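Sharing a structure with you now.
In this document, chain identifiers A, B, C and D correspond to the written order of the chains, with residue numbering beginning at 1 in each.
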Amino acid sequence: MQHTETVEIRGHLIDSGTFARILDDVLEYSGDYRIDQLDVGRTHTDESYVKLTIGSDDHEQLERIIMRLQTHGANMIDPGRATLRPAPRDGVFPEDFYSTTNLETRIRLDAGWMRVANPEMDCGIVVDDEGARTIPVADIREGEMVVCGANGIKVTPLRAPVRTDPNEATFEFMSSDVSSEKPQALLVRQVAQRMRDVKAAGKKILWVGGPAIVHTGAAPALVALVEDGYVDVLFAGNALATHDIESALFGTSLGVDLDKGHGVPHGHEHHIRAINRIRACGSIAEAVSQGVLRSGVMHSLVRHDKEFVLVGSVRDDGPLPDVYTDVIEGQRAMRNALKDVGFAIMVATMLHSIATGNMLPASIPLVSVDINPATVTKLADRGSAQATGVITDIGLFCEQLAAELVVGYKRD
Amino acid sequence: MQHTETVEIRGHLIDSGTFARILDDVLEYSGDYRIDQLDVGRTHTDESYVKLTIGSDDHEQLERIIMRLQTHGANMIDPGRATLRPAPRDGVFPEDFYSTTNLETRIRLDAGWMRVANPEMDCGIVVDDEGARTIPVADIREGEMVVCGANGIKVTPLRAPVRTDPNEATFEFMSSDVSSEKPQALLVRQVAQRMRDVKAAGKKILWVGGPAIVHTGAAPALVALVEDGYVDVLFAGNALATHDIESALFGTSLGVDLDKGHGVPHGHEHHIRAINRIRACGSIAEAVSQGVLRSGVMHSLVRHDKEFVLVGSVRDDGPLPDVYTDVIEGQRAMRNALKDVGFAIMVATMLHSIATGNMLPASIPLVSVDINPATVTKLADRGSAQATGVITDIGLFCEQLAAELVVGYKRD
Amino acid sequence: MQHTETVEIRGHLIDSGTFARILDDVLEYSGDYRIDQLDVGRTHTDESYVKLTIGSDDHEQLERIIMRLQTHGANMIDPGRATLRPAPRDGVFPEDFYSTTNLETRIRLDAGWMRVANPEMDCGIVVDDEGARTIPVADIREGEMVVCGANGIKVTPLRAPVRTDPNEATFEFMSSDVSSEKPQALLVRQVAQRMRDVKAAGKKILWVGGPAIVHTGAAPALVALVEDGYVDVLFAGNALATHDIESALFGTSLGVDLDKGHGVPHGHEHHIRAINRIRACGSIAEAVSQGVLRSGVMHSLVRHDKEFVLVGSVRDDGPLPDVYTDVIEGQRAMRNALKDVGFAIMVATMLHSIATGNMLPASIPLVSVDINPATVTKLADRGSAQATGVITDIGLFCEQLAAELVVGYKRD
Amino acid sequence: MQHTETVEIRGHLIDSGTFARILDDVLEYSGDYRIDQLDVGRTHTDESYVKLTIGSDDHEQLERIIMRLQTHGANMIDPGRATLRPAPRDGVFPEDFYSTTNLETRIRLDAGWMRVANPEMDCGIVVDDEGARTIPVADIREGEMVVCGANGIKVTPLRAPVRTDPNEATFEFMSSDVSSEKPQALLVRQVAQRMRDVKAAGKKILWVGGPAIVHTGAAPALVALVEDGYVDVLFAGNALATHDIESALFGTSLGVDLDKGHGVPHGHEHHIRAINRIRACGSIAEAVSQGVLRSGVMHSLVRHDKEFVLVGSVRDDGPLPDVYTDVIEGQRAMRNALKDVGFAIMVATMLHSIATGNMLPASIPLVSVDINPATVTKLADRGSAQATGVITDIGLFCEQLAAELVVGYKRD
């Protein structure tokens, strides 16, 4: 092992499994390690400290390992200073750019340490007169200065909640696994309490939703939650908005007659007619103000001045006039809407959940609710470690959440 | 086509798809058909009538086709008389025995038509001084007279509910397909209404349940339903009863601490200890009367004198002393408990749902509730055509069902 | 029923279930029917003929029913002439536009019947000097003449394959249902035969693929199929191309080290670095010609001058420079690439499968292959009735398909 | 914490996550811990050593924690001697019986340490003149001496395979997770290699199979594997054997016509007729010797004198005469057949996989193959930590496994 670097980390390393993952990652990246120091907390409330020397035969590989360990909160003992290199072209980073985590990050330049704004994974870090901030590769411009290599960077790991009282219930009801075999009524109450806390703290609640919200009959519950202030921002695609509007205009949603509970199979023309009618109005807000759209989730968001960002996909019909058809522009609009968000709930959508998970800092807790375990698992697999999952029925979940949060909520 | 036979059928053949299935089955069984007469109802409330000549090169094959068409309610124009042959050995039918449907069936002997008691699919029909009844192959005794071939038999198809008013909601909320994308709150109300109707008609409600009832926190809801009289009979395995009792004795269920919502991973010893403790008492009822078992679903069933049949499986630990370890004996006990059942609800169990579906007459409606679509689909595939499925979360479903049916139900 | 219209249809109506679906749809759309004439083929090779009078209290509702029945191939006896109205604005159809099916369609103007080019569902029909063609709502320009109402339109139903010999195996191995419980080796052979037939007829094979092609190790098989001419066009998203290129450049794909079979968990930086490197080259083709990209599926497509259309989604990192970030532009590129396609195979992608299914005419057969039954089911539910599904493992499926089609194919 | 006990453990505790799980379990069981000594291996090939003091307010709770930690291989520093108490009744353990793990276990009586025969989880340990052995609760007889409490017991943890060369591929291809997104062709080769190794070592291969083996067309591959000696023992239920025999007698399996690939829906009577015919013969072996059964998996097992254990379930029709209808007797037969088994492969059956997993010692590696991820996950959740899972298509998996192992294997 010709190349070595020493890293350190402090925290609840043993019982959280962090230490095991660090050692595992070093081997997976074809490196090796030597444990230089290990001070273990003697009881479960004490923090531990580890100092590790990492070795690799290849300098570039070593840099990759160091970057990798930073995702667990391990930093170099002597990080040195950050290297800056200009972007060679619009939309292209320097070859050895530092790829970001979604953790709090600082970089050291000559002037000392500075905080990197907007932690987001898989980005670069650009530095200019206004400071350092993450930037997606599509948005970098030729000549902007980008942090390269692993030097001069420190990340702050998420502080895992310490269970001081083993009998205390924490919010991390699913930290260890994802399962449909959980006491669901309790989960609903925990999510409701978290929402109350977030509102009390003056933060926003972000919902990310798929069309099953409408199909499962959850729209009235979601409307009640909008009206009571528990939905500040909605991220969705063309489908949720279209089915909601189709339901408002025609009483159907892709073939499900919601009042009677039996389907109108392949009632496609309602779907495309609903889109056409809103396109004729010019926008969803215009359709509301013209009296064309008089109920449903989108109507309620417009009426209560709540923000929504609809981003299109290749399978869209239409789409609705409010939909971003360029997905990169859509991502920018989503990033702009994340300000002050303190909690994210993702319901019945794999595509938009992963998209949102990709851009959320690790410090914002998120709950993913889906009847399909794969959605929740994929979200966690892709690096949204703060994600907790609830495998349940969307319709009944939203119904009970509204009953918990909205005084007097009772669906007719 | 050397061998032919003429069959007829009357009913809602076209819009129900029955006619298409009959023609399809003839071809699938390598036969052929000629439509001799087709009187189609002119409007959707009129019944249709079809007379078909079925042909096959092989007499045995033709008999099979005739038997097959009987599952759709098509009978021979001239059925002749039933052939009886003695069973050659205990537990063995004659080679060409008539394999039953789960429809109302009559046979014609010299004395005229007689009703076959206990319609159940995949059985034989035994005839003795007391009349004709279905019998599973395991229960036939050497020398008993068994109906053979397809002659002398008439089945009565289920009368499909006629939708006289196209706007009317019927109970068949899922007649055409199985989906999690349905308005779930409405489905709960429909099931609740059906239960009230069944009780009002003086019939029993059969529950078939799996252990997820306990894992998802649905047990308190089920207890409330037992106490209010909405659970007359419970079919289950060792697992549901064990987890329920484990939860009552230790507050855990296979690693899920139900009050706190986080798991005790692999808390196996609680599970086997719970079983041991009930074995020490001698039975669940003894455990209740000795004050060992003081809460939960099984406790509630014992207290309210409700019947339960627990049948074991190869993966059981223990089992509990009340469990039938011989599955054929268990099936007999289940059959005995079906008397006066007017409605069956199957929750979160594929094994016991299919077992029960196999023995229920087609005339008893059943609802299958599971978060896993495969359970519902398999039930329907195996011939329980009267099954309607609800893909939803068990915990929230039972919670809302109790809230709908039990006055003042509110879980703490 | 104040408003009535008479429709007729000829074909295999009974055994295909088409007649039952027509009657069902009339009731679902709150209409009513009277069967005026029904000539049933006496044997299973004869076609049937039905004449129906449809009634509704509402003229607009009646028009919807007529349009709906056209999706089954039922046309008005006296269709009259098509009504044309100008589009009121760019991207907006007239309110009562005719919403298309994906079937062969003709319209009657004063000059007689003309064929509508490019059958595609959920579009409008625009008429100009060059004739009539389908057009998506986003592409209509103000003042263009659009067919409105249901008059003057005839669709030609797909001719269901007649099973003249009941023992003959047809390609529709899954016409009736979707199941993982099928003899899979046989299915592979049927798909292979179909591909040979399509190539022999001078048509193109379209592949639509998801990233699991790479994760499951199927890429070498797909490369062999490209090289032997069984992949003419590929539709995919950013993910498939990125994972394929990441695998070529770094030997990993989102954390799966393909040679060793154990994962590099969350190896995200490889993923974003691969994208950055191709962005630096300018395009995938440039990366191939510069010698940066030397293996994999994308490399092989470039080398053999095969067409690919990559369309982005909101969850994309990067994306690769070849990706359409505007989904409507992406759809246009896909439509342009459909010319001469005679068969479509969709592998492991729900999003792009549905997108492609939406725009394919019903006359092009398609096979959907996925380990997840929901993908196949959703495709069929959304109107791609010609879809046949294979629930299987992608990796082994592609491996066996290559072994079947490519002489000497043997993976190392 | 009034009650304390000191435990120790040596091994790869950190990178395996074992240490983290130990600490986690102590807290989950409402205990507390103090780390007295921690000697960490400095490099990844060194073992670590931990000495922990465990505390609890309740003596019984402390005993439970100690037993729990033994499942991870942690033993008391001073275990003392085992307590023996007589079973109070047939089929009942003493209240505080020691509940076993599936690890190598020794107990200390006055005469020193002795090995416990037949490690199996969730059993008791009975001691008599012949030594100590595990015993299921159903088999204990009144007065037999059973180990109680946690004293006098040592378990030996599984030695986790040390990855000495980080580039080396190990058999644990799925040690960290379960996924369908793996290079499947590689997995097949790894399983094949393991089977060759097991045979070379003179051990037996146990197959546990479900009926999907027949439905997916995998039976010919399995027959080839039987004939080449890669199937020594088969555990299954009534369904696999019935569908295999139905296929041999009638060419169908529950409605799937295997040669043509299209289904005979609900061909139930074939199923029950097949059972009846074998019942008439007396047994499967008799049916083979009488020439009634001439092909298929069961035929091949009989012909090659391989052992099979069929255990019934409540949903069985019939059953076949060879089926154990008493599940406890069936379990005994399975235990007897485990002698000399060195490897277990479980294909497409959740019920029998879990049953077998429950009784296998942890030292016997097992692979679970299923298209349904839940089967594999449940197996691991229930304590079969040595389980590795392959999510794939059964039909193609068996086909490729036979192609890999059986020279000249080529399905027609």
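The rule is short, and it goes like this: a residue touches a chain if its C-beta (ideal position, glycine included) is under 8 Å from a C-beta of that chain, and two chains touch if they have at least 3 such contacts.
Just so it is clear, the model here is predicted, and its values are computed rather than measured.
S.K.: With contacts defined as at the top, give the pair, C-D or B-C, that has more of them.
M.R.: Pair with the higher count of C-beta contacts: C-D.
S.K.: Measuring centre to centre, with centres taken as mean CA positions, what chain is farthest from subunit D?
M.R.: C
S.K.: Provide the C-alpha centroid distance between subunit C and subunit D, rounded to the nearest whole angstrom.
M.R.: Here subunit C and subunit D have centroids separated by 44 Å.
S.K.: Calculate how many whole Å lie between the centre of subunit B and the centre of subunit D, each centre taken as the average of the chain's C-alpha atoms.
M.R.: Averaging C-alpha atoms per chain gives centres 32 Å apart.
S.K.: Between subunit B and subunit C, what is the gap in Å from one C-alpha centre to the other?
M.R.: It comes to 39 Å between the two C-alpha centres.
S.K.: Can you tell me which residues of subunit D touch two or more of the remaining chains?
M.R.: 24, 28, 167, 262-263, 265
S.K.: Taking the touch rule as given, give the residues of subunit B at its contact with subunit D in the complex, in rising order.
M.R.: By the definition above, subunit B touches subunit D via 24-25, 28-29, 64, 67-68, 71, 88-89, 91-93, 95, 97, 99, 121-122, 136-138, 237, 262-266, 268-269, 271-273, 275-277, 279-280, 311-319, 321, 325-331, 334, 351-352, 354-355, 358, 372, 374, 381-383.
S.K.: Inside the complex, what are the residues of subunit B that reach subunit C?
M.R.: Residues 14-17, 19-20, 23-24, 26-28, 30, 32-35, 38, 40-44, 163, 166-167.
S.K.: Using the touch definition from the top, list the residues of subunit B that touch subunit A in their complex.
M.R.: Residues 167, 169-170, 172-173, 175-177, 179-188, 190, 212, 215-217, 256, 258-263, 265, 371, 391-397, 399-400, 411.
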